[in-house]
Amino acid sequence: MLLEARGIVKTFGNVRAVDGADLAVEEGELVGLIGPNGAGKSTFFDCLAGNLAPEAGSIRFAGLESTRLSPDRHARLGLARTFQVPVVFAGMTVLENAMVGAFLRHESRARAAQKAAEALEFTGLAGQAEMPAAALGTAGRKRLGIARALATEPRLLLLDEALAGLTSSEIETAIGLLARIHARGITLLVVEHIMEVIHRLTRRVLVFHQGRVIAEGSPAEVTANPEVIRAYLGRRAKRGEA
Amino acid sequence: MILLQLAADGLLLGAVYALFSSGLTLIWGMMNVVNFAHGDFVMLAMYIAFFSFTLLKLEPIVFVPLAAVLLFALGGLVYYALVRHVMRGPMLAQILSTFGLALFLRYTALWAFSANFVSLPSGLVGGVYDLGGLRLAASHLIAGFSALLLTLGLHLLLTRTDLGSRMLAVSEDRVAAELVGVRPDPMQALAWGLGAAATGVAGALIALFFYVSPEVGNSFLLLAFVTVCLGGFGSVPGALLAGVAIGVIESFSAYWLGPATKDAVVLALFILLLWVRPQGLFGRA
Amino acid sequence: MSITRRSVLLAVPALAVLRQRAEAAAPVKLGYIEPLTGNSAAAGHAIKQGIDLLVDVINKPYPQLAPLPLAATSGLPRLGGAKIEVIWADNQGSPAVGQSDALRLITQDHVVALLGAYQSNITLTSSAVAERYGIPYLTGESVASNLTERGYKWFFRTTPYAPQFAKLYFDFLANVAKMGKPTSKVAIVHENTDYGTSVAQSITKFATEHGKKIFLTISYNANSTDVSPQVLSLKSAKPDVVIFISYTSDSILYMKTFQTLGYRPPIVIGDDSGFSDPSFVTSVGNLAQGALNRSAYAIGKSGSLSYKMNALYKKKTGRDLDDSVARPMQGFMVMCDAINRAGSTKPEAIRAALAATDMPPSELITAYKGVKFNKEGQNFLAYSMMTELQGKTYVPVWPPKEAIAKLQLPFKG
Amino acid sequence: MKALFPRAGFAAGALLLFAAPFLTANPFYQRVAALTLLAAISASAWNVIGGYAGQVSFGHSVYFGIGAYAALLAYAKLGWPPIAGLPFGIVASFALSIVVGLPSFRLRGHYFSMATIAIAALAGILVTNWDFVGGAIGVMGPARARSFADLLFRSSLPYYAIFLCVLAILLLFTRLLQKSRMGFYLRAIGSDERVAQSLGVPVRRYKLYALLISGAFTSIAGTLYAVMVGFVDPNSGFGILISVNMVVMAALGGAGTLFGPLIGAAILVPLGEATNALWGARGIAYVAYGVIIMLLARFSPGGLAELGRFIVKGWRRRAA
């Protein structure tokens, strides 16, 4: 088991954002994590990556107890992540952005530059390498987020809505990219809103609702699950009232 | 009796701090801009009060609103001429611009009004009340109650009115606000104007019992920063609570530990508190 | 003194000749460093006005000021009637800026001597530059005792300094005690920059050396926005005498807070500075009746030099001349007189003339017993008296010889 | 950087820096040049943490004060030449960074800035009330040079030479840092801490490194100041204006760029001296100073380095 989380709880004030969530990801898998807005997916993600410390439960990554390790220790162990809002290091070029990731395993500047260039090549950003990162559009920023994470040479990549806000043709490219990343042997855990993406990419999906996993299985199984439908519909019904 | 007097003095002093800080916190919270010229806004308001009384023979009931109106205009002007152009730039550009503004205002005042200390005649708004040995100056009481009123007013304006929610919307997400049809520039100019107007009221009231000089804003500024930070940026009620807390702590520590160390006590507590609670006393996480 | 007299006497018959030469003589440039911005700017500007007045007095004939050196003539007679020109520099309240000022005045403006710089610490750093360049530096205003303890060759001070004030206060209090008023419990309330701290230390040191104890010492920040805790401390300790070493803003606050908290110490002594500032008298004079002050200056009787000088100053500024302006003016007169006596603008000649200064009281604006420097450069005839705020002015009340009004105790507030 | 400072231009600039004060025999200009370099040292030191790592400290005067006091206390207490206090200042700055800096790193943005203001103000108050270090009265250096080691010179040229060496070392160091992993990490932290950390940057450790370097060099600047001026008191050592000046100079020239703080100092120090010399007597030096700062911020928010880059780029485009 590459990543295993048990009974994770995280509260904000009175809100139990994550409420006893479990998860297990095997090396080499590509797992999807879906759920309605406000289900606590992002919070759960932050717990997995070390950005938030859960109040209860334990997380093991690559055979190590990692519950309370800092995000940078997670990165060193081989867990990389992207963020929902695609932030770039604005004062740097695209290449330099990726180099920040590459420096994790290569102290020499030349080596880091080479690795970063590879990551850019892989994500299709090689042409923009010398551009200021701030000049990139949403799609470019998302890709740069992935390139940066790849440059840390991770075993597991957590992608937080890497495709949200993209046009349909950009989504096509992105799906191709994710498939190629997976093909390189990197385990992927993908939080996604767009069902289509999940259908095409993953073989196993977890459905998150009210802070815990309520269903698990193939995309087809999950979408047929009445509890899942209720979770999504209930949400929609409530929104309709409001 | 002395302890009671100390507590009362501390409360009133705290109210003055809150009064001083209300405009600062408004501007700070609304647009994430630190106004280094805030102390000098207060200074200008104090001079407005002083000159309206000495030259135009205006009473406080007239010159307090007058200061508010003039400062409102100044705030709007500063927004359009300066802040608008730097507020989305790096934090350092904002600091640079308001710092330059502070120097400009302070030393123009020095040049125009001279460095002499002036003050309004004491007893302009009534004398001293003696409540069984507890002595309170009317001017302090007025300032204290005005601090309460001003806080309440600003708070209601921000939370209960359409205008307030629009201003908050712009402060939270400029682009989103624009999408739903709120034009950000007038809203932010208004926020600056309001912050400055609150500052105007504060300055005119403080002038009732405090001396006026071009450097006067400086003596309050550090504590105003602490007040705003403790209260949580943008929280007017937070600034009131923080101001009062600081006033009382200062009053007692000055009496027990010596006045030279009272600021040290406040600052040390402030630093420790931030270390423990990095988002301030009343700030949101 | 003889030299001065002679120069005045000589000048009168030679006036016609001098007038011709005056047009030719290059002006004598003096550098003056003052705080013209920052917390002490009010004091700096007041001094500047006083000095500007003196420049006029020296450069134009003012025969009505007769015993005052250089008044009757135009310019410096022994330098061919050369005019005095003062180059002003703002020290911005910073010791480093004061140093830059000194250097600039010496090397850019080629001043022949320096004066200043109000704050003792800036006088300290700026005079170090003058010392390195071998340019005379005279302070008529800074009172910290360490200034004349450095063994400097080019440094002179005309004003009395901190230990002398301590003596004055205790002599005065001993006299009050003889009148049957209690004076044993002396409290010192001082602001905590170098001015307040050094004067407080001098007073405490003097007291211990003379077997007296200071009852209570309160140090506070001059930028305080509130002084009521201090006043409450005093109120509960009940000292007989409170000596305030304060700047203007805090002095004003103390008087207002006395009123608010309904407390009045029996005897209040203000150590010059804030209490002498005309702003203090105009803004809280009515709350400070009976406050005592030290002063080396009193307006004096009609017809006296000090009285005439005050009239001129008042005409120019609308305010009465006070101690904190009169002392620098005195220093400036001494400097100009020395340059005149030197008959040269060579630094060494001016220094020698300064060192040989011997001015009698009759030629002084201030109440000093004369001006004569010891080998540290301190005027050992410097002197102050006690004055009391009665109505709108401070009047001398002690020692009896100088008194023109009766001492009125206690402090009325 | 490469675009703005091609090798030839860089060499010319360096040469100019070396030669500048020798071009004039005027002692005052020489002093202004020396003061410029001194300000450039502290602004460049601030730049390491404030510019590159984006932690806008308003409390750097505390390091400056430590350095200045270390120098003059070495003289006043031990009778040593003031410059001998340098290592004490550095060690004290390290201690301060660890004890006070480390806990403050949890704070973000304005909270960090406010905490640093408070720390410097607190240090000022403590020193004011601590008689051993001279309290409010301050500490004096040697009144006259006892030996060469006291470094008391009438001319400012020796100071200029010393300051230039220190500045050169600091800039060289910064340049190496900029190219190394640490430089990338600091810039990443300055841009977005959360993202940097997720990429494996040990944020707190690197912030501490930056503060250690920055604080040590600021303390050196303080020591050099004390050696030159020969006096320090709480206000001239710990005053908030000292911190603000560092920030303003770096911001003006361009924070997070190698030469930005030097450019800022080279503009503001002579400007300050010039306004003081021209209008100081009328007390309006600061009015002009304030207006100029405002205008610069208004029309070039990214600092002059950015403006320069922009101009160079436009010029190249036209040339091409």
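By written order: A, B, C and D. Residues from 1 in each chain.
Throughout what follows, contacts are C-beta pairs under 8 Å (C-beta built on N, C-alpha and C of every residue); 3 or more make two chains touch, one makes a residue touch a chain.
Just so it is clear, the structure is predicted and the values come from calculations on it, not from any experiment.
Enquirer: Looking at CA centres, what chain is most distant from subunit A?
Expert: Following the centroid criterion, the farthest chain would be C.
Enquirer: What are the two chains with the most C-beta pairs touching?
Expert: After tallying contacts for each pair, the winner is B-D.
Enquirer: I'd like the Å distance between the centres of subunit C and subunit D, where a centre is the mean of that chain's Cα atoms.
Expert: Going by mean C-alpha positions, subunit C sits 38 Å from subunit D.
Enquirer: Could you work out how far the Cα centre of subunit A sits from that of subunit C, in whole Å?
Expert: That pair's centroid distance is 75 Å.
Enquirer: Just curious, how far off is subunit D from subunit A if you go by their C-alpha centres, in Å?
Expert: Using C-alpha averages as centres, the distance is 42 Å.
Enquirer: Find every residue in subunit C that makes contact with two or more other chains and list them.
Expert: Only 36-37, 41, 45, 192, 219, 221 qualify.
Enquirer: Can you tell me which residues of subunit B touch two or more of the remaining chains?
Expert: Touching at least two other chains: 107, 110, 115, 260, 263.
Enquirer: Got the subunit D residues that touch at least 2 other chains?
Expert: Where subunit D meets two or more other chains at a single residue, that happens at 125, 128-129, 282-283, 285-286.
Enquirer: Mind listing each pair of touching chains for me?
Expert: A-D, B-C, B-D, C-D
Enquirer: What part of subunit D is in contact with subunit A in the complex they form?
Expert: 179-181, 184-185, 187-188, 190-192, 194-203, 256
Enquirer: Can you list the subunit C residues touching subunit D in their complex?
Expert: Answer in residue numbers: 36-37, 41, 45, 87-90, 92-97, 99-101, 103-104, 107-108, 121, 124-125, 128, 131-133, 144, 146, 150-152, 192-194, 196-198, 219, 221.
Enquirer: What residues on subunit A touch subunit D, complex-wise?
Expert: Residues 49, 51, 70-72, 74-76, 80-81, 83, 87-92, 96, 99-101, 103-104, 107, 109, 112, 148-149, 151-152.
Enquirer: Going by the contact rule set out above, which residues of subunit B touch subunit C in the complex?
Expert: Result: residues 2, 5-6, 9, 13, 16, 107, 110, 114-119, 122, 128, 130, 135-137, 140, 209-211, 213-216, 218-220, 223, 250-252, 254-255, 258-260, 262-263 of subunit B touch subunit C.
Enquirer: Looking at the complex, which residues from subunit D come into contact with subunit C?
Expert: 26-28, 31-32, 35, 125, 128-129, 135-138, 140, 143-144, 152, 154, 225, 229-233, 235-236, 273, 276-277, 280-283, 285-286
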